[in-house]
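Consider the two complexes below, in which subunit A is the common component and subunit B and subunit C are the respective partners.
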Partner chain A sequence: MRGIMAVFKKEITIAFSSPIFYAATFIFLVVSGYFFYTNAIIYTIRSFQAGQNPFLAERLNLSDFVVKPFFGDMAIVLLLMVPLLTMRSYAEEKKMGTIELLFTYPISDGAALAGKFAASVFTFLTMLAGTLLPLILLETFAHLDWGLIGSGYLGIVLLGASFIALGLFTSSLTENQIIAAVLSFGAFLLFWVIGWAKSFAGPTLGSILEHISIVVHLDSFVKGLIDSRDLVFYLVFIFFWLFVTLRFLNTRFWRG
Partner chain B sequence: MIIAENLTKYYGLKPAVQNVSFRIEKGEIVGFLGPNGAGKTTILRILTCFLQPTSGKILVDGLNGQTHSLEVRKKIGFLPETVPLYDELTVKQFLAFSGTVKGLSGNALNGEIDRVVSSCSLTEHRERRIRHLSKGLKQRVGLAQALINNPPIVILDEPTTGLDPAQIVEVRKLIKDLAGQRTVLLSTHILPEVSQICERVIILNQGRVVAEDTPRHLTGQLQKGLRTILLVDGPPTEVQAKLESLRGVTRIVASHPGGEILVESAADESLRPLIAKTIVESGWGLKEMRTSDLSLEEVFVQLVTEEGKD
Partner chain C sequence: MEKPAQRMTLFRLKASSNMTAAILLILVLAVVITLLSNRHYFRWDLTASESTPFRTKPCRP
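Entry: the complex of A and B
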């Protein structure tokens, strides 16, 4: 446990002293903020229209028009930003040779990986915390459904953690950060769109593809439903990629 | 105690280390000596559990690194060849990380940081970022992380490469100071370093152990008989002919630098007065006469080239 904490602390110190984290957070918040702003503006325009249209006014609510789309938009921005948070994790250690220290210190590969994963999730949460600001501002004008928001954030955190697990794996494959980032971005995108093949893949394969599509499982969280199947999907996805990373790190023994 | 038995490591189809066996007792300072690519780093990496051997094994205090990796790693402080450090951390942060991973915490951790910082003369640099340190200082930080938590075995892979002469002297002194309490293993291709620091040398070439002994014994073993260097005031060819005629002289090298003549002879002490007498009686001037031992450089070159011929 002490080893995990030491790695966690080291990773956090390095992450917060690197400009990558600040650049990624800046862009993430600007783009998410822009999405939020446009959603809010559209909502305002609809509200004016609803003045003349009682039918529209009935269906108009902040949750459906601002909050739910906000989570969907955030997921897209995460697709682009999470590779930047994980790309250096193992790749940089390999390039600088510090991996030799990490692997010869008395700490198991699993504990080191746990520390790295926890640190990436922590930096991700720090980044995500900034997105609470527009919601808090909105709360001052209207009443928001914080249960729905909580469930949406849970989904986003699980999605982000899944991306991080996969990103750590691609980072362990190479000593080049750019390649690690490109690989993880490509892999995220594939897991995102793989469900689209459902329409032509036949009933059995189609349903499998739909279920491994990473973003499908976000829908229920965004709707405010915490479905155990979706929860389990994300947890399995995270542990699967952490496990594969660990197995891959072990291959150093016979690859030399 | 470290015992290596028939250690073999292949990188793909290329053998890096073949059938290497050695034994290092507690408290010894042992040098691995060899040209680049001889397999020194590979052996140290296997010893530190970074790599696993293709066959054979290394036992550290009876523990096999393949099955008891963490226990073995706890006993070892390692400075890799490239001196990898986390550039973004300060010296203190980095040492705190190393110390914590090695099992220290609280006051014990702070005490150990203070100890290694002062023994590696880093006190005034402890709050500086590693990125901003000079190469020599980085080397000392690398040494400090290897020494934190006082490991019984210290392994240093080419610890003086890339340092300036003053820093080299300093690092060598530090390594010598480690002796006694700890087992120290260092690899190098700098020969004087070995004869200055190490009690025992293991010479490697092309992945095999070519020789293993104390630096003194090694030179003694390979030196066939006595070597005497003469500086004679007289006609060189005649002097050479006269010396060659003496009984017991095995070889004469006249082209020694500075007009000196190197006489190799059987290990018979009585020959030297005879040489002196012969020269004086011939009417030449004997300006200088001294014995010469085979240097470790010569031993090394001899061993490595002999190996190459096989």
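Entry: the complex of A and C
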């Protein structure tokens, strides 16, 4: 545990002193804020229209028009931002030669990986905390469903942690940060769109592909529903990629 | 008698097979856990209105 904490502190210090974190957070918050703003504007326009249309007035609520689309939009922004958080994890250490130092610490590779993963998730949570601001602002003059918001955030955190686990793996493959980021983005995108093949794949293969698709499991969280199947999927996904990363790191003992 | 280069190749082959087997084993484990979680699952509705049709009761397929 002390080993994990040591790596965690080191990674956090590096992350918060790096301009990449501030640039990624700035862009993430600006783009998320823009999506929130447009959703709120659409809701306002619909509210005016609802005055003349009773059917629309019945269906109009903040959760459906602002909060739920906000989480969906945030997930898309994460697809672009998480590679920036994870790309330097192992790639930079390899490039600078400090990975040899990391391997000679009196801690296991698993502890080092756990420390790096925890630090990336913490950095991600810090980034995500900024998105609460518009919701708190909205709460001052409208009643929000905080159960739905909590569930949505849980889904986003699990999605982000899954991306981070996969991003750590791609970062361990190369010593070039740009290649690591491109590989991460490609892998995220693949797991995002793989479910789209459901329509033309057979029924069995289609359901398998849909189940592998990472974004399908976010839907129930965004609706305010915590489904144990989705929870298990994300946890298994995270564990699997961390395990593969660990095994790949161990290849240094026998690779040429 | 085996040459050092041959021994190294054999060692690498064994190590890479070991790594592949471990990853495949974990993949199988992941599939089993996912299948089990699909058979026995729970849903919690956190919305204030509990608007979704599923409540905290366990659901069976």
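What to note about this one:
One rule holds for everything that comes next: the second predicted complex is superposed on the first by the 255 of 256 C-alpha atoms of A that agree within 3 Å, B and C clash if a C-alpha of one lies under 4 Å from a C-alpha of the other, contacts with A are read in each partner's own complex, and residues count from 1 in each chain.
FYI, contacts are C-beta pairs under 8 Å (C-beta built on N, C-alpha and C of every residue); 3 or more make two chains touch, one makes a residue touch a chain.
Please read all numbers here as calculations on a predicted model, not as lab measurements.
Once the two complexes are overlaid on the shared chain, A:Phe233 sits against subunit C while remaining clear of subunit B. Using the contact criterion defined above for the overlaid structures, shared-chain residue A:Phe253 touches subunit B and also reaches subunit C. In the superposition on chain A, contact is made by A:Thr104 with subunit B only, not with subunit C.
In the superposition on chain A, contact of A:Leu56 is made with neither subunit B nor subunit C. By the touch criterion defined above, A:Asp145 reaches subunit C but does not reach subunit B. Once the two complexes are laid over each other on the shared chain, residue contacts for A:Leu137 go to neither subunit B nor subunit C. Within the superposed three-chain model, A:Ala129 lies out of touch with both subunit B and subunit C [touch as defined at top].
By the document's definition of touching, of the two partners only subunit B reaches A:Lys9; subunit C does not. When the two complexes are overlaid on their common chain A, residue A:Ile41 makes contact with neither subunit B nor subunit C.
Common to the subunit B and subunit C interfaces on subunit A are residues 253-254, 256. For subunit B in complex with subunit A, the residues that touch the partner chain are 9-12, 16, 45, 48-52, 70-71, 73-74, 76, 78, 80, 82, 84-89, 93, 97-98, 100-103, 105, 145. Listing the residues of subunit A that touch subunit C in their complex gives 63, 145-148, 150-151, 211, 220, 223-229, 232-233, 236, 239-240, 243-244, 247-248, 250-251, 253-256. Residues 2-3, 5-7, 9-10, 13-14, 17-18, 96-101, 103-108, 252-254, 256 of subunit A touch subunit B in their complex. Of all the residues in subunit C, the ones that touch subunit A in their complex are 11-12, 15-16, 19, 22-23, 26-27, 30, 33-34, 37-38, 41-49, 51-52, 54.
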